[in-house]
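Think of it as A, B, C and D in the order they're written, each chain with its own count starting at 1.
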Amino acid sequence: MQKSRLEAFSDGVIAIIITIMVLELKVPHGVELAALKPLLPVFLSYILSFIYVGIYWNNHHHMFHSTRHVTGGILWANLHLLFWLSLFPFTTAWMGENHFAPMPAAIYGFVLFMAAIAYYILQRTIIAHQGPDSLLAAAIGKDWKGKLSPVLYLLAVALAFVNPWISSSLYVLVALMWLIPDPRIERVLVKRERE
Amino acid sequence: MQKSRLEAFSDGVIAIIITIMVLELKVPHGVELAALKPLLPVFLSYILSFIYVGIYWNNHHHMFHSTRHVTGGILWANLHLLFWLSLFPFTTAWMGENHFAPMPAAIYGFVLFMAAIAYYILQRTIIAHQGPDSLLAAAIGKDWKGKLSPVLYLLAVALAFVNPWISSSLYVLVALMWLIPDPRIERVLVKRERE
Amino acid sequence: MQKSRLEAFSDGVIAIIITIMVLELKVPHGVELAALKPLLPVFLSYILSFIYVGIYWNNHHHMFHSTRHVTGGILWANLHLLFWLSLFPFTTAWMGENHFAPMPAAIYGFVLFMAAIAYYILQRTIIAHQGPDSLLAAAIGKDWKGKLSPVLYLLAVALAFVNPWISSSLYVLVALMWLIPDPRIERVLVKRERE
Amino acid sequence: MQKSRLEAFSDGVIAIIITIMVLELKVPHGVELAALKPLLPVFLSYILSFIYVGIYWNNHHHMFHSTRHVTGGILWANLHLLFWLSLFPFTTAWMGENHFAPMPAAIYGFVLFMAAIAYYILQRTIIAHQGPDSLLAAAIGKDWKGKLSPVLYLLAVALAFVNPWISSSLYVLVALMWLIPDPRIERVLVKRERE
């Protein structure tokens, strides 16, 4: 089965998700700078989610770069990931419009958590299909980022009821952790191509 | 004629359909978990339709994988399928927002039925074009799933006026039936490539 | 310059145009079949515009299939066409929501007319670039459909103020005229490939 | 790393941005030509932004045409550009709906300015990666357009508080300056291919 259509379809869905989030920035009625002020939390949560979706697209790109064949299981694990990503515009808007209130901040983290789990399942499905010589398994190594992130998300969900700003800070922290594109897969790929 | 543009265009349309459905999850005004409760039926119908669109994309992928050439007839049969799929966001929202009331549940099934018919027409158009040695015809075999589904949809439409939950259960049942990616086409393709 | 990105971008824009038109089918509040009745004119105009966008995508597909190189002029002529196509959702909704009133029906035709002119300009730009041996010029021949359509659109615009149903009938007529995919380009391409 | 997915993803995002701007053309309730009159400033700002997005897509196309490899830095510089472009629908609508009032006209220019800076950063990132023989560096040469544009945007932002029509005229002027597709990269590419 071709991986190109899976990539094209995922690119399409991720491109739409990243773009429709901006529709939540409702055009204000006033014409003064002050009219933009109530939009600030929505704008900040938009930036955060834009970066998260960018990270997912980036990692998705890397993951499938080290994948040759696509099976039915991989297709559905990928759709499962896209499902959770598709909820980002909703949770982003809910959190932003309510100025990072506890419950919206917790639900935002819960969807981040589920997307991380879905990403992990997709990764394991590909590795299982690639077998013992899995290029992807070699590339991700111990995957400490992939294992730490869901733990931090859960922590952020719980701490949202103490102080949602702790949660927001954790979301920013995890994003920064991933923001630097992962050199592991590139390194392994380059190494294997030389062999 | 190239099939790549037909695939790219279909991927684009399907990616947009699957993503705009989420816009029906209107951001609630409250900030408690209870504020999400009225969204539950909308969310459930979103999950169901997401899976259906995923199934169509998956099968579309398989179908065109065993297709070499694209004719004008195939182009229009494909657009006809996309037309019915494009109505999914509408019927999903109508059914979800009205808590699976009889008429919306029936119309939801009617559009599923029409999409199934459109898929069938597209399949027959490709097979007719491929001639007696049709790879697709060999791959789908007796196509009992393709023949059973429209019957179950019609049944669900009728039973919606008895109890719409029977209809919903039938929609879930048909989705489960298709959820497992069809190994037939893969098997035949693999077999032919070996010959 | 590569034509693949121009095709991919155009496919994306056309896929979005064809899909966002369906957002004008606002989910009704009632749950009876009667609740769908006011949507009927919107639905009919959606079908008409869906077919028109399908025709444009189809013809665009054929046109670029007989095009090798893309120049700056072709890029902008293409964007100009996409601009007019992007107004289809607006004119479709205005006409549909006002039950084919004279002015909306006339404006609908005017945008169809401008899209036809933009298509014609794009076609001439490609032919001019291809020079005297233009494959596209040979393929379209006398292009009577391309020349007749804008005349019929203008006629429909004028007649909208007499009776908008005459205009609507003309729009349906032109769509039917194009619906059959144009065998001319395919024929010439096949012929040339044999030579 | 493949550049094809970066191009496909960017095409998707840009296609969606250019198309959702048209959603701000809200369908009027009236059916007379006068009902369209209040939409005129929204329509004019739509045309302006459509051309700007077209220019960005066009230049993006050229820039990556002279790029072979994509690094993590290039990916993120590209996402940064897409972020600022994604704000165009918002600033376009705010400016259009408020008839080019000073603050919306200034913010419109500010986002244009940030997009220009993001484009410049992306360009420098690619050139730094390509090294001393950079094809892109040779192609853009002194890049006076790229350097003049942000200056004119800043000027327009400041002058918006004197008279927003001066700003609008400057936006139109910069657009016209870019509208002619840049022959520099094409020329250098053609030259190098001949060598």
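The rule we apply is simple: a contact is a pair of C-beta atoms (placed from the backbone, for glycine too) under 8 Å apart; a residue touches a chain by one contact, two chains touch by 3 or more.
Predicted model only: the values in this text are computed from it and were never measured.
At the interface between chain A and chain B, under half of the residue numbers appear on both sides, which makes the contact a different-residue one. Copies chain C and chain D of the same sequence differ in orientation by 90 degrees, per CA superposition (steps of 5). Distance from the chain A centre to the chain D centre is 26 Å, each centre being the mean of its Cα atoms.
The distance from the centre of chain B to the centre of chain D, each centre being the mean of the chain's C-alpha atoms, comes to 37 Å. Of all residues in chain C, those touching 2 or more other chains are 8, 12, 15-16, 20, 23, listed in ascending order. Looking at the complex, you find that chain C touches chain D at residues 1-2, 5-6, 8-9, 12-13, 15-17, 20, 23-24, 71-73, 75-76, 79, 82-83, 86-87, 89-90, 93-94, 97-98, 101-104, 107. On chain C, the positions that touch chain B within their shared complex are 7-8, 11-12, 14-16, 18-20, 22-23, 25, 27-28, 31-33, 35-36, 47, 50, 54, 57-58, 61-62, 65, 179-183, 186.
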